[in-house]
Amino acid sequence: MEQKPLRDIVEAALLAFGQPLSVGQLREMFDAGERPDEAELRAALAALAEDCAGRPIELVEVASGWRLQVRSEFALPVSRLWQERPGRYSRALLETLALIAYRQPITRGEIEDVRGVAVNPHIVRTLSERGWIRVVGHREVPGRPELLGTTREFLDYFGLRGLDDLPTLAALRDMDHLGVQLEFGEVMPVVEPVPESAPEPVAAAEAAGPAAG
Amino acid sequence: MEQKPLRDIVEAALLAFGQPLSVGQLREMFDAGERPDEAELRAALAALAEDCAGRPIELVEVASGWRLQVRSEFALPVSRLWQERPGRYSRALLETLALIAYRQPITRGEIEDVRGVAVNPHIVRTLSERGWIRVVGHREVPGRPELLGTTREFLDYFGLRGLDDLPTLAALRDMDHLGVQLEFGEVMPVVEPVPESAPEPVAAAEAAGPAAG
Amino acid sequence: MNGPDELAVTAHDALASIPPQQAEMPFAIVEGEPVTEIPRDLYIPPQALEVFLEAFEGPLDLLLYMIRRQNLDILDIPIADITRQYMEYIQLMQELDLELAGEYLLMAAMLAEIKSRMLLPRSQEAGLAEEADPRAELVRRLQEYERFKLAAENLDQIPRLERDLHQAHAELAGRRVVRLLPEVTLQEMLLAFKDVVQRATMFAHLHVAREALSVRQRMSEVLVALAGGGLVEFVRLFRAEEGRMGVTVTFVALLELLREGLIEAVQAEPYAPVHLRRVTPPPDAPGVDELTVTTVI
């Protein structure tokens, strides 16, 4: 076999092993006759460390030896590879969100009146943590219930310029019609200016983005 | 966060994940707003593949996506890092695996028909435990025998993108050829043993095949 | 897969690598002794035979070996000769009390049958209905087996992980746990709203009014603007750049908030600037009157 540069063999070993390797372990890879001495190996490690400049990996020495690791600057995008698939929001959550959007400012009690069931506090917390709703005030009645409203993030997420972009109740009554419009929205280029009177396609097109992801 | 070159993010992701990643998985790392499109990702992969020239690793596409792997030229020193040698597989196992790979879905009985010997249950278990084969269904005949097929892990392990990447199966020589010989059989009695010293050129060529392997 | 199997593979490899004519090379190593005898002449040391047979993957493999060894055309096997050799192997194995797999005996029977059919006089009406060659099935099976024997050898040649290739892997420094939030489409939310409105209609006290939604949005915004609890000048709630429509929406929103008792308007004297503030809590209300507003538009 043709002789490879020691530096390359060390890189190959560290990447193949994926865990720290001591200088001793690295030397074990070689037959006794060809075994580099410690100084040679340390020189190869130094050369490798230098070559890592500008690359997304770096050579570090840890307790059990040397290791090539992905630089921490890449933690943010790369960590997402391990994230579990997100679940889905419950029907109750979506209804609560929709009521807050259409009827804001609204109290929990008013939401309960319309939905006919108690509002799960977990839902309100989830929506707040998501940044979609917030407390905008209190109704001055006994108990001073919180008044909930939607946020700018809510509008941004759903690609709405304002609540006016939401279909009117009348339009909602004919959901089949709405469905057609929403599907049509996916085909329509988003960049094309849409007349103010027909905001649904834009909203739909943007909303389609996350769904496809 | 400062914007990293996509090529570097891809390299970081492939090294950190330590398993093949599809273009879809790579795109999932990004928020919907910053998500590169497929063409951009493929360009980044191409750039990365190019950068690997002269390095001890290479970028390859396998069944489940893209993988950075240590080049085979480094297998000899690198494999010494592990105490255990990678297993050699017996002919029986390889023949069974080849039949499942090329003839899937296939039952044990069908494997036996071709090999002329009973399928060793130990071999089927080993192949399943390695994650190379799995039961893909049952043949609807009496006894409902299991149909075996290969998995994506099998393809990944052998560095294949799909079954099409398997080496082509040797062609069967046409039986018509046999027919022609039979017609001459009246002149040259078939039952008489063919002199061993006078092999037919065709036969010699074929015989060379397996011996060379 | 180690132990005897490994030995068998070695013996077979040794066999396969010897060109047929070079009989002096060992075809197997038995207990350290090279075995140079080729099975063709059927003199094989007993231990060698054992190893030799273990090297075969069954009768088809053995037959194929015999055919290849003698450079015979697989399509024109001298059946009598091959049968004789095969039977001699079988006999020897039985004499050695080797455990003989049933498949070997089955093949012996098949060969004998082919041989007897080959001896029958062939049909005189040549050219008419061609009689199938009695060997056809055997030839088909041998060829088929050989294809996969080759395929297995080729498969073994493919560079594979662990033996030839190693997945490159590097730890990620500072890996974080990222939890993905569920995605919602606008349509999902609208469908939910449609359902809830329909259900509410059945409750018969539907009071989902038809106000312009911008008024509702503005009501929330005004409440946030007044979150500090102090007085805010009426005119400061209007934005000239919004035009007449914007002014109207804001004004309607303020009226609605006043009607709902959420804000109050204060004027020090006639014609003085109008100020607005949130309605102060009744004295018996819980002490905290601050809004828990965390996000500001």
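All chains are identified by letter, namely A, B and C, in their written order; residue positions are counted from 1 within each chain.
Keep in mind that, in the parts below, a contact is a pair of C-beta atoms (placed from the backbone, for glycine too) under 8 Å apart; a residue touches a chain by one contact, two chains touch by 3 or more.
All values derive from a computational prediction rather than experimental measurement.
Annotation: omitting chain C yields no split, and the remaining chains form one piece by touching. Each chain's centre was taken as the mean of its CA atoms, and the one lying most distant from chain A is B. Annotation: 36 Å between the Cα-based centres of chain A and chain B. Each chain gets one centre point, the mean of its Cα atoms, and the points for chain A and chain C are 24 Å apart.
Here the CA centre of chain B is 15 Å from the CA centre of chain C. Shared contact sites, meaning residues of chain C that touch two or more other chains, fall at 166-172, 175. Across the assembly, chain B contributes residues 12, 15-16, 18, 57, 68, 70-71, 74, 78 that each touch 2 or more other chains.
Those residues of chain C lying in contact with chain A across their complex are 166-197, 199-200, 203, 205-206, 208, 210, 212-214, 216-217, 219-220, 223-224, 226-227, 260-262, 278-279, 281-282, 285-286, 289, 291-295, 297. For chain A in complex with chain C, the touching residues are 12, 14-19, 57-58, 60, 67-72, 74-76, 78-80, 82-89, 91, 94-95, 97-99, 101-105, 113-116, 130-131, 134-140, 142, 144, 146-147, 149-153, 157-160, 162-164, 166-169, 172-173, 175, 178-179, 182, 203-204, 207-208, 210-211, 213. Of all residues in chain A, those touching chain B in their complex are 1-2, 4, 8-9, 11-13, 15-18, 21, 25, 28-30, 55-57, 68, 70-71, 73-74, 76-78, 80-81, 209-210, 213. Of all the residues in chain C, the ones that touch chain B in their complex are 1, 5-6, 8-9, 12, 16-20, 57-61, 68, 70-76, 78-81, 101, 103, 107, 118-119, 122, 126, 130, 133, 135-136, 139-141, 143-172, 175.
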